[in-house]
Amino acid sequence: MAEAADVFEASQLTTDPFDDDKLREECGVFGVWGGTQASAMVALGLHALQHRGQEAAGILSFDGEEFHVHRAMGHVAGNFDRTDVIDALPGEAAIGHNRYSTTGDTALRNVQPLYADLAAGGFAVAHNGNLSNAMTLKAELIQRGSIFQSTSDTEVIIHLVATSSFRTLLDRFIDALKQVEGAYSLICLTKEGIIACRDPLGIRPLVLGKLGEAWILASETVALDIVGASFIRSIEPGELVVINDDGIRSLKPFAPVKSRPCIFEQVYFSRPDSFSDGLSVYQVRKSIGAELAAEAPVVADMVVPVPDSGTPAAIGYAQAAGIPFELGIIRSHYVGRTFIQPGDQIRHLGVKLKHNANRAMIQGKKLVLIDDSVVRGTTSVKIVQMLRDAGAAEVHLRIASPPTTNSCFYGVDTPERSKLLAAQMDLEAMRNYIGCDSLAFISIDGLYRALGETARIANAPQFCDACFTGDYPTRLTDHEAAEAPTQLGLLAERRG
Amino acid sequence: MAEAADVFEASQLTTDPFDDDKLREECGVFGVWGGTQASAMVALGLHALQHRGQEAAGILSFDGEEFHVHRAMGHVAGNFDRTDVIDALPGEAAIGHNRYSTTGDTALRNVQPLYADLAAGGFAVAHNGNLSNAMTLKAELIQRGSIFQSTSDTEVIIHLVATSSFRTLLDRFIDALKQVEGAYSLICLTKEGIIACRDPLGIRPLVLGKLGEAWILASETVALDIVGASFIRSIEPGELVVINDDGIRSLKPFAPVKSRPCIFEQVYFSRPDSFSDGLSVYQVRKSIGAELAAEAPVVADMVVPVPDSGTPAAIGYAQAAGIPFELGIIRSHYVGRTFIQPGDQIRHLGVKLKHNANRAMIQGKKLVLIDDSVVRGTTSVKIVQMLRDAGAAEVHLRIASPPTTNSCFYGVDTPERSKLLAAQMDLEAMRNYIGCDSLAFISIDGLYRALGETARIANAPQFCDACFTGDYPTRLTDHEAAEAPTQLGLLAERRG
Amino acid sequence: MAEAADVFEASQLTTDPFDDDKLREECGVFGVWGGTQASAMVALGLHALQHRGQEAAGILSFDGEEFHVHRAMGHVAGNFDRTDVIDALPGEAAIGHNRYSTTGDTALRNVQPLYADLAAGGFAVAHNGNLSNAMTLKAELIQRGSIFQSTSDTEVIIHLVATSSFRTLLDRFIDALKQVEGAYSLICLTKEGIIACRDPLGIRPLVLGKLGEAWILASETVALDIVGASFIRSIEPGELVVINDDGIRSLKPFAPVKSRPCIFEQVYFSRPDSFSDGLSVYQVRKSIGAELAAEAPVVADMVVPVPDSGTPAAIGYAQAAGIPFELGIIRSHYVGRTFIQPGDQIRHLGVKLKHNANRAMIQGKKLVLIDDSVVRGTTSVKIVQMLRDAGAAEVHLRIASPPTTNSCFYGVDTPERSKLLAAQMDLEAMRNYIGCDSLAFISIDGLYRALGETARIANAPQFCDACFTGDYPTRLTDHEAAEAPTQLGLLAERRG
Amino acid sequence: MAEAADVFEASQLTTDPFDDDKLREECGVFGVWGGTQASAMVALGLHALQHRGQEAAGILSFDGEEFHVHRAMGHVAGNFDRTDVIDALPGEAAIGHNRYSTTGDTALRNVQPLYADLAAGGFAVAHNGNLSNAMTLKAELIQRGSIFQSTSDTEVIIHLVATSSFRTLLDRFIDALKQVEGAYSLICLTKEGIIACRDPLGIRPLVLGKLGEAWILASETVALDIVGASFIRSIEPGELVVINDDGIRSLKPFAPVKSRPCIFEQVYFSRPDSFSDGLSVYQVRKSIGAELAAEAPVVADMVVPVPDSGTPAAIGYAQAAGIPFELGIIRSHYVGRTFIQPGDQIRHLGVKLKHNANRAMIQGKKLVLIDDSVVRGTTSVKIVQMLRDAGAAEVHLRIASPPTTNSCFYGVDTPERSKLLAAQMDLEAMRNYIGCDSLAFISIDGLYRALGETARIANAPQFCDACFTGDYPTRLTDHEAAEAPTQLGLLAERRG
C-alpha cells in the first residue's frame, strides 16, 4: 500500500494547482410560463443557480409565434444582463440552462437549451442529469438516418421524439423517456406549453413556484427567491407536468419505484439557502457538523471552516462542541485561475489565490478544520500546510461527508476512480498524505441521521449515495458496453 | 425634520438598486525590486489587493535597460494572468497599481503606474491616496508650460519632479513632495531603484516585505502572504525609502508630526487577514463587535452578519453576548450588476442579486444584524425588508462604526455630505428610514478602545477619523478654493 | 406609364444610397485532395473567389482520421490568413466555401461547408447554386423525423443522403441528387475521397486543376492561378467525379440533356481573368463592347467605364469605335458603406464613397458611359448626375447586357420583379429616369454573338438567360407552391 | 558591381513577399470650421484621403465648450462610419488625420490629432510632413522639464507652443514654427478658430474649400469632392491662415523663399482625380506616359499597366504610341497580406494575392509594361516573371519616374539607401535583376516637361525632387547629428 500511495502522491502533485478539488454539479435549469419578460426572469433564475454550472448558459423564449434563443460561453452575468440580449428574447414563456462544460468555441453547439423544428412544431429542451444509455441509443438513431449536431446526451431525447411513431408531442416525449435510463430533470418548451419531468428515481431536483400568474420551474428554491416567487412544491420523482394557459396538469407515466434523490445535493451542490426535497440545506449541514462533533470529538481552541462550503457544518460543529467558531481562513472574493508562478519560492500558490490563513487568529492554536468533502485530496494537502506555515499548533480535519470512493454517472463531473483519494488509500494513509494531526469523515449512517432518517436502509436506500457506496440505482448500459471487449466507436459526451 | 426625511427618502429610492452603499478605497500599490519575474509577483500582489480598487490595474517593469508597461480596465485576473502580458513585462523590478475609477476608454490614460521620460531618466509612479492641493499646483504648472495628459492628481507629482531645480531624481522627488499636501503612499520606479514614501501623517498604509533577495512594498500584508514573502515592518509615516541592489536606505525628509493613519482601513477597507500598523484587522473587528455588544445589547435568538464585511464584528458580538452566530443571509459568489427587472413584482432585486435571506433559519426569530457601516442607507433599507419578508420577528441593526457624517479628501470615494444618511438625520430618523426595530452605532470612543486606545485624544487624535468627526488633519487647499467665490476652472480628478 | 414611373422613382430614391445596384453571385467553392497544407491552399482559392460571396466563408479539412472545420462571418482575409486557424485545419484534403448571406450571428449555422456524422461516416458539402424544390423536400424530410439545423437548402441534400435506402455513400449521394431540381455545383468531402458534381444543365461553373500530385476543384480558373495549379478542364454538366488516392473517376449518373450554363457569369459574375466554359471572360466582355459600338454608336469625345466592372466592355467599345478610352470616373480602393451624411448639401454621397468624377478630363466633354448591367437603376441615376455636376456636356449610357427583367432562382440574389427597372419601364422611361442623353442595351442576339454563337436558338437556348428572357430551364417547384393558394409554412432560405 | 548586385539580390529576395514595393505617403489632414456635423464631414474627407495613411486615423471636434477626440488603429471606414463614434464628436469645428504608422497598441498615443490643455486653452494639431530637427528640439525641451507622451515629431510643436514666451496662442504658434525645419502642412484647432499653415517650401500640399458657410482644409481636392465642397485655392507655401466665425485671415510669417512642392505627389501619392498645385494629377500622369513613349519607344502588341497606379501613364503611353491599351494584369479588390504559403510549388504568391495575369490576352504577345516607380524592385521581379509564366513573348518595362536613389526626410517612408535598387545598380544591372527585355525610366527633364516646365532649373529646382536627385531643400539637423560620432540618445519617431 505504501508504494501505491507514493505513486499516487507523485502523480497527484502534478495536478493543476488551481484546482478546487470539488465535484462539479453539471447543470441548473429554470423555466417560466405566463410571465411578462419571461427571459429576464430566466436570467435572474439562472444567476441564482450559477453555482450549478459556470461555463456556459442559454435562454430560449417563445413569443406566441416564434422561438428565440441565445447561448454563450461564460457566466449568466456578462452574457444575459444586457438589455439587447434580453430584448432579443421576447415572449411570456422561456426556459434556460446553466452548464458546466468544456471550453472552446466548438462547444457552443452543446450549450442548452437545445432546439429542433419537428413536424409537430418547435421543441426545446433543458436538461439537468445524465443518461446512462445515451451512446447506445445514439448509435441506433444514426443508423436510421438521424443527424446529430451536438455531442450532448440530451440530443438523443430530441431525436427519439422526432422519430417516435406516436402522434402528439406529449406522447412522443413520453415514448422517448421510456427508452432512456439515468438521471434527468427536464424542462421542455413547445408552442402548446411547458412540459417538465423528473426521472422515476428523482435523482436530480426540480421545484415548482408561482409569481402572480406565472408558473416557474427551477432546480432549486433559491431561484424562486431571487424573482420573488412562492415555492409551491417539489416536482415528484417520476412526475411529468404540462403547464400552459389552462394551468398545470400532472401525469405519472412511469411504473412507480422508490425514489432516491442525490445525497450530494445536500452535502455540497445545493446552495445553503435552498430547501431540497423539504429540508433546509443549511440546517442539514449544521446537523452534519453536530453529528461529526459527536462522532469525532477533538480538544481544540477553535473550529475553522474551509470557506464557504465548509462553513455551515463548522458552525454546527462549533455549537455542538462548545468550541469557538473563527474565520481562520479568509476567502478572496476575486477569481483568478492561471496566474504565472514567479519562481519556486512561492508555496501553495494555487490555494492562496482563493484562501489565505488568518495568521493572527491561528498562531499557536489547535484547530478543528471542517471541509465538505475530499475528492482527490490535493487542496486539503495545501490548506493544511498553509495553516501550519501560519503557525497552527494542531490541525484536525473533519469531513462533512463519507469518503468519496466511486464515480457518478448521473450528471456530476467525478474524476475516474483511480484519482479518488478514498478509493486508493485507507484512513491513516489519507491522514498521512494530507498531513493533518487527525482525520475523520462522517459515517454514512451519521449522514442519514443528519438528513432526518434513523439510518441508511441497506436494501432500499433512501438516497442515491453511489459516490460513497457504489450502489448505483440504475443500469449503466453505456459504461458496461465501454468496459466490454467490443468498442462502440461513438461517444456521447457525458454532461448535463 | 420629517419633511427633510421625506425628501431624502424619495431621492434615495431612485439610487441605483445594485449599489452596495459602501465607501470605496481607491487604490492598492505593490512593488518589487530584485525578484525574478517581478511582474508576475506584482500581478499576484495586486490580485490580493483587488478589494482596494477594482476597475483598472497596471503594471510597469524595468529590465535593466527599458521600461515596459501594461494598463487595462477591469480586474487583475483576466488582464494580468496571461502569459503573453507578463512576458511583455520583463525584468527584476516592477510596480503595480489597482484603481477604483470611472469606466470608459478615455479613462485608460488615468490608469497607473504613470510614467514619464525625464531628463534625469525614466520615472514611474503608483499612488494610493489623494493630494488636497493638486488643482492649485496643476494650474501653476500649466502656466509655466507643463502639458498634462491625465486628470489624475498623481501627474502633478511627476511634473513637479520634471521641473524641479534640483539635480538628482531623489532630490527632485523630495522637492516635489514638500509642495504637496494630503495623503500619499507612493511607489516610484527609476533606473537606479525603487523610491517609496508614506506621507507625514501616514494616512494610507504601506508595508515592507522580503522574499529571498527581493524587496517588496505593498499596501497590505495580505499581498506579502500571497507571494510567500515575510513581513518586515510598516513604512513609517513621513519615511522615504530607496531600494536598489545595495539594499534599503531610509530617509526622513519631512518635519516630524504625530501620525494619524486612516481609521476606516481597520473598519472596512483592509482585508481581515491583514495586519494594519501592527494590529490584526480581524481581531480589531471582533473587538468592535464585542464593544457593540456591551454598548448596545439586545435580547435575541441569533446574531446575523451582513456578509462578508460584517462577519468578524458579528462573531465578536455573538461571542461577547453569548448569542448563537448564524448565517441568516447567504451571499452569492457571482457578481451581476445590471440585470433587467422583469415587472414590478420583484422587490429588492438589487440587494437579492448579492444576498438572499436564509429563510429556514430566521423565520420567527429575533435577529441582531451586524453591518460595518452605513453610508447612504439604501442597502440597509432593502436588507432589513428582505429579512422581514422572510419572516424575521425582530431586526436589531448594530453598526461597527460611528455615523459617517463627512466626506473624505484623502483617496476614498465618499458621496457628498447631502447624500450621507447620518449627515441628514438623527438616530431615530435613521432607524425609521431603515425600518429596523432598533439601531445603534458604536461610539467613537468604543471604536478607539477596540483599537487598543483608552479613548480618542480630542486635541491630538491618534487616527484620521475625519469621516466620523470632520476633524481633517491637513489643509484642504483645493476644497477651500472651490468653495471660494472665484473659480479655478481647472479640475484635477480626485483619485488615488 | 408616367404615373407608374413617378411612383417607381419615389420608392427607388429611398433605397439605401450605398447600394451598388448589382446582382450578387451567391457562392464560390474550392476543394483539394492530396495536397500538403490543403486548407492553406483552400484559403488562397477562396480569396481568389472572394467576389462570388463576401459575407462568410468556411473551410473543412480531413487529416486521415478526423474532420476539422472553421466557419466565420466576413472575408477570407482576416479569418483564414491566420496561422492558428490554418494549423487547426490539418490534412491533405480540404474543401471551402464563400457565401453571400444575411448578417447576424445566428447565420453562422448556415455558413458552409455543412457537415454531418452519418452511419456511413463523416460527410461534408460545399454548394454553389440553389435548389428550386428544397422547401418541398424539407417538409417531407421533417415529417419523417429529420431534424434540420440550418435554413440552407443545401442541408436537404445531406438529409436525403442520411435517409437514403442505398448502402454506399456514393449511391446515397446519387440517390439524393436525383430528387433535387435546380442549380448545383457541389464539392463533398468524405473519408474515402472528394465527390464533386455539376447539375445536368451545368448552370453554375466548376473546373478541375492539378498542382503536383494534388487535385483541385474550383468555381473559376482564377482560383487555380493563385495557387499555381494547371487548368485541366471544366467539369461537364451532369458529370460527377470521385477523387481519391487512386486518381479521378468520372460518372454520368443523369439522363443527358442539353447544357445551359448561366450567361451572367460571362457578363458580370466571373472575374475577367477567368476562362468560363472555354471562353476568356475579358475577351467576351471586350466583344460585347464591340457589339455595342456597332449596335448603338455615338459621336463622343471619350469612352468612360463605370469602374471596374464596365472597364473591359469600355475598352472593347473604344477600340471598335476609335474613340479614346479614359478614366473619367476614379474608383476608391477603400470600402465604406454607412458613413453618416452630414447635412443635406452633400449630393450623391453614396455613390461618391466608391466613385469620384475625374473633373479635369470630362469637363465640357461628350461621354459614352459603359456599365455592365442595370438592375434597379439607382446607382446609374447618381453616376450620371455626378458626371453632369462635374461638367460633362453629354452622357450616353451603354449597357453590356440586355435589360434585366426576371428574377433568378438558381443561386443569384435578384430583387423581386417589381424592383427591376427594366421590368417596370420601357427604354425611354428608363432613359428619362436615369437622366442620360441616350441609353442602349446590347441585344440578346448581340450578346450571343459576343459569346461566339450566331444567335440565340429560341427553342433550345445555349445558355440560361432567364433573367433577360424569363425562359427558366427547370421546374420551379417551390416557387409554384408559394404562389399556390395553400401555404407550405416551411421556408428554406434560398442561398448558395 | 556584379558582386554587389549578387549580394543585393540575395538580401532582397528575403524581403516580405507581400510587399508592394511602393513609397508610402505618411499622412492626410482635413479640417472643418462652421459646418453642421463637422466630424461627419471630417470622416468623409479622411475616407477620400485614405490612400495617404492607412494604419490609423483620428478626429477631434470642438463644440463651442469642450474638445472631443477619438483615435483608432485601422481605416476610417470601420472606425468612423459608426453613429455612436460621430455622435460623441459633436460641434461645428473638427480636424482629422490619417496616419501610416507602426502597428501595436502602444502606437495609439502617436495617432493624431494630438491635443494639449495649455494655459492659453485647448490646442490640437494634425500634421502632414516631417520635421528634420525634431530630435534636437525634443532633447532641449526635456532638459527644461517638458514631458513627452508620444514619439511623434509633431508633439515638439505643441511643447514649443506651451513654453513659448509669447502671449497669444497665434504668436506662440508662429514662434514655434520659426524653430522647426522640414515639411509641414498643419491644421490646428483652438477655441478661437482653426490655424493652418504650410511650410515655407510648400513641400506637402494643403487646399482650401467651402461648402455653404463651412470652411474646409484638406490635403487634396478629392476630399473636397466627396463632401461636395467647392475648391477655393491652394494654401500657399509659407502661408498661415486663421479661420473663425469672422472669416479667413491670411498671414505670411516667414521670410519668402522659392517654393519646392514634392514632385512625388504628382507621380504617385495624390489620387489621379485630385488637382495638385493647379495641375490635374491624371493629366500629368498621362503626359508622363506620352513623354516616356517619346523617350523610350518599343514595337509591341499592347500597353499593359501595373494596376492601378500605372494606369494613367499607360493610357498616355498607349495613346501617344498608337498601341492598344489592355488590362493584361487584373487587380484583386480584396486585401490579404499574410496568407500561409502551402508548400514551395506556389511561385510569386505575394504578388498574386493582389495581381493576376490575364493569360488570354498576353499569351504570345509583346508587352510594354508601365509602372509608376521602382523602389526596391522586389515586386517588379515578380510581376515580370508572372507575365512570362503566363506566356508573354516580351516584356518591356517603362517607369513613370526617374530612378529613386535617395531617402526622403519630409514625411515619406523610404527604405534606407542600401535597399533602393537604383542606388545600388546601373540600368543594365537593374534590367537583369528585374528580368525584363528592356527597361527605361523617364528622364528628370522629361518629368519636368510633363509638369509643364521646360526643364529642371538646376540651381533653383521648381520641385522637391530629392528622392531622385539627392538635392534636399532644407538642413537635415537630426540626420547630421545621427551621422555624427556622438549619439543623441533620444529618438523622435519620424512620421507625419
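Note that the chains take the letters A, B, C and D in the order they are written out, and that residue 1 is the start of every chain.
In this text, a contact is a pair of C-beta atoms (placed from the backbone, for glycine too) under 8 Å apart; a residue touches a chain by one contact, two chains touch by 3 or more.
In UniProt terms, the chains line up like this: A, B, C, D = Amidophosphoribosyltransferase.
No experiment lies behind these values; they were computed from the predicted model shown.
Minimum number of contact steps separating chain B from chain D: 1.
At the far end from chain B, in terms of centres built from Cα atoms, lies C. Mean C-alpha positions place chain A and chain C at a centre distance of 52 Å. The mean-CA centres of chain A and chain D are about 63 angstrom from one another, to the nearest whole unit.
Between the Cα centres of chain C and chain D there is a gap of 37 Å.
Listed for chain B are no residues, as none touches two or more other chains. If you draw each protein chain as a dot and join the dots that touch, you get one closed loop, with every dot joined to exactly two others. Contact between chains, using the touch rule, shows up for A-B, A-C, B-D, C-D.
The part of chain B that touches chain D in the complex is made up of residues 116-119, 142-149, 158-159, 162-164, 490. Here chain D touches chain C in the complex through residues 35-38, 40-41, 43-44, 47-48, 50-51, 75-77, 80-83, 86, 211-212, 222, 225-228, 271-273, 275, 280, 282-283, 308, 311-312, 315, 319, 324-327, 330, 332-343, 345-347, 349, 352-353, 356-361, going by the rule given at the top.
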